[in-house]
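Shared chain: subunit A. Partners: subunit B in the first complex, subunit C in the second.
On to the complex of A and B.
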């Protein structure tokens, strides 16, 4: 069975890029979310194996969303997507419970590697 | 890494290691079987290499690497310390010193290292050199490829404690070297993840580069962590490999021999420790040890000396104003001002003495280089000389320590050159074949005395006088009238040298007068004692500090003068009846001692025209062996004064050491009794 991934990003372009990379590498995209609130809803409804989470988003930022999700599912596997220079935010996200991070611009093999590692842990 | 930021610390520490190398090798020459010393030298060279590699000083790294190779062979016992080997090692230390000087001041000429490296290599038996090469490569294979052949981790006392405890508990201690994939973005966060993961598994004892550097991206993909855990190696490894963008992880058992690292405190590492404590998450144990480590580390602080000088100047100003306020307190009727000024007085005094202590450094700093110098000279001159140093821990003002080095070098060289006789001569004179020089520092009241004493030929008063006459420094008659002790003082005269042969180290006759000048410039005194055939002793007396002294204020005419209390033996009132005339010189008899009497005013004007009016306040001043009664108009009392120089425009004034500003804002001249009498 393919691992189900929930993609969270406020820009459609980024969601599309990620979706392409991941589907090509054998992942099943179970849903897309444009902000933190949506991500929480989709997490509950789709029960993905893994979430990619952008940090800066309207309505609810990624870090808050990670905290929310972790509060009801301590075993949630979330990977943060960040832009360059967001070091502090990434560390904050990791402390909130994210398992790993990937940095934009995305390099396909890195993303795939990170997802595999998080899924296998 | 911003190399410049660490340069000063690097240099200070590198020099400490260099000193320790010099000291150990000197000791090793007399105790060739002392393995501890070799071990210590190896450690020093090793640490130097690690530090220099971190800083990117390739020349130093290369040279220390070669030194380390030789020391390794010495340690293994496959090479014995021969005299030529010691010479080569010493010259490699000298080259190292020059390299450090070049690093400190890049304007200095480049230092060539190849010749000394070649000489080091020559000392190594070729076959052994090869062997070593092999074992070095083997070592490198064993270790992580990114690591520069050793772990540049320097452990501090508290870390050693942790290690000891960990061992006692049977915990796993290992070096973990992590390489993050090339091209990894935000590698500092990767490092953070590794650290975070490790903190869940055990305790991070130390990281290289330090955690703060890792967090700031100040590292090249690779870092090493000394880690303590109850987990097995492969469990740790598995856990770390779960983090993405990690290219490799190498675990290596921590061996006892790694404890070789110095106990010297690395200030550089302070910041990272603090930083790691600020990490939002973390193992409680780590935080606890960090807290403990902070307490340990903050015992000493390296401070730029110019900051200290600024501080001492400010305290000087404060002392002056304190005196002023205390004086106001005396005249103002207000009780409050009096109380407050007394308080101020007390606090200022404490502050002053605390700050003076900050400036005090052990004279060891100067003495340290002498054994090496004496060793080199005795080899060069074929004389067998033993240097004994006493009282190296005696402390004195930093500015004095900085200046006293050259005069002492000169005196020691003189002793080696002119004092100590050749071995044959010594044996003929019934002395031990080995010459002895004793260098002593000790406190004498508020003075420090430094004595250079040898058991050599002693000064020949007759020869000195003959030379003086020959050089037309005085007439035959004048020379005949001089006592031996007075003749000795001629060696301090400009252009005087009795040595038949001029060597490169002494005998040019420019030295002793320079020595005297420097000592007097420090408000010190220099005296010579000698017994022909038995030896010479030269004693330098220096004030403990230059900045603030206690002085007696006296008035003569309208002027106020300050006399340093060190020079004062007592004060008394002299009446006309007390005065006797001896050889047209007024004297008084004080407890069976005849003391010449002069008026301060007459002394400064160089003419005697004193008019007697009843009882005259007189200060009995001493300088070395000389005593004199200085008649003044009024004694004003003692106080602390801050010495200010008169400035270069004034030149050198006979009898005046400087000036000070009094509480009422007026300026008083400070008398230099040594030159006044």
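On to the complex of A and C.
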């Protein structure tokens, strides 16, 4: 069975890019969310195997969403995919429960490898 | 009056912040377009509000403007302006032909490029100062550059009739994509930046 991924990013273009990369690499996109609130809702309804999470988003940012999802499911697998590569934010995201942090712009291989690694751990 | 905000030492510091930040932003743009991106040496200046559009590609030209408000240890505003032709080239390249106009997908692609380019600057600036800087989600407008800057400046709530401007011009070799990246710091809160950077000298 294909691993189900929930993509979270506020821009439709980045959701499309991630969807294309991940579909081509054998993942099943079970949902897309445009902000942290939608990500929490879709995490509960779609039960993805892994979530990609942007940080800077309207309504609810990614770090808050990671904390909420982790409090609901301590086993959640979340990878941050954000343009904000500042050390303090990376540490905050990892402390909140993210399993990896990918800084945009990225090569497709970087995200595919990270997802394989996190799913197999 | 203005000397209070800018003297030779401060100007040099801001130029250095500009060099590192703009270099990082240019690397991100180059990575996305898969093309070499050249930048002009960043200029630091005090500009009257009326002169600002002419510093950003001309008041009368239609441009795509991405605007990001950044809060944190200092408040600042990042503006990334692309002439329409450059924005459309970016849309077509990044969507691999799925869009060639400023439709929903096209606007979204330009917004993401603006987001990543401004983040390149902000990340370098944060590393240099040790500050944490949190951008709000970006806004995008397609309009005359004068109109876009007018809207942004209204939101910035500038009380003086001048702004501190750090800008550079990006240019790609083959595709002739141009872009103007500017940082407008909250001029008073920026004293803390000088102090922090001078400690390291």
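Simple rule for what comes next: the second predicted complex is superposed on the first by the 119 of 121 C-alpha atoms of A that agree within 3 Å, B and C clash if a C-alpha of one lies under 4 Å from a C-alpha of the other, contacts with A are read in each partner's own complex, and residues count from 1 in each chain.
Following the convention adopted for this analysis, a contact is a pair of C-beta atoms (placed from the backbone, for glycine too) under 8 Å apart; a residue touches a chain by one contact, two chains touch by 3 or more.
No experiment lies behind these values; they were computed from the predicted model shown.
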Report clash or fit for the pair subunit B and subunit C bound to subunit A in the combined superposed model.
-> fit
Looking at the overlay, does A:57 come into contact with subunit B only (first), subunit C only (second), both, or neither?
-> second
Could you say whether A:120 touches subunit B, subunit C, both of them, or neither, answering first, second, both or neither?
-> first
Who does A:95 touch here: subunit B (first), subunit C (second), both, or neither?
-> first
Tell me which partner A:87 touches in the superposition: subunit B (first), subunit C (second), both or neither.
-> both
Could you tell me if A:2 is touching subunit B, subunit C, both of them or neither one (first, second, both, neither)?
-> neither
If you've got the overlay open, could you tell me the nearest Cα approach between subunit B and subunit C in whole angstrom?
-> 7
For subunit A, what residues appear in both contact lists, the one with subunit B and the one with subunit C?
-> 82, 84, 86-87, 103
As the complex stands, subunit A meets subunit C at residues 10-14, 16-17, 56-58, 82-89, 103-105
Complex interface listing, subunit B residues touching subunit A | 185-186, 188-189, 192-193, 196, 241-245, 280-281
Which residues, counting only subunit C, touch subunit A once they are in their complex?
-> 28, 31-32, 94-95, 98, 104-105, 108-109, 111-112, 115-116, 119-120, 122-123, 126-127, 132-137
Subunit B contact footprint on subunit A (complex, rising order) = 82, 84, 86-87, 90-91, 94-95, 100-101, 103, 110, 113-114, 117-118, 120-121
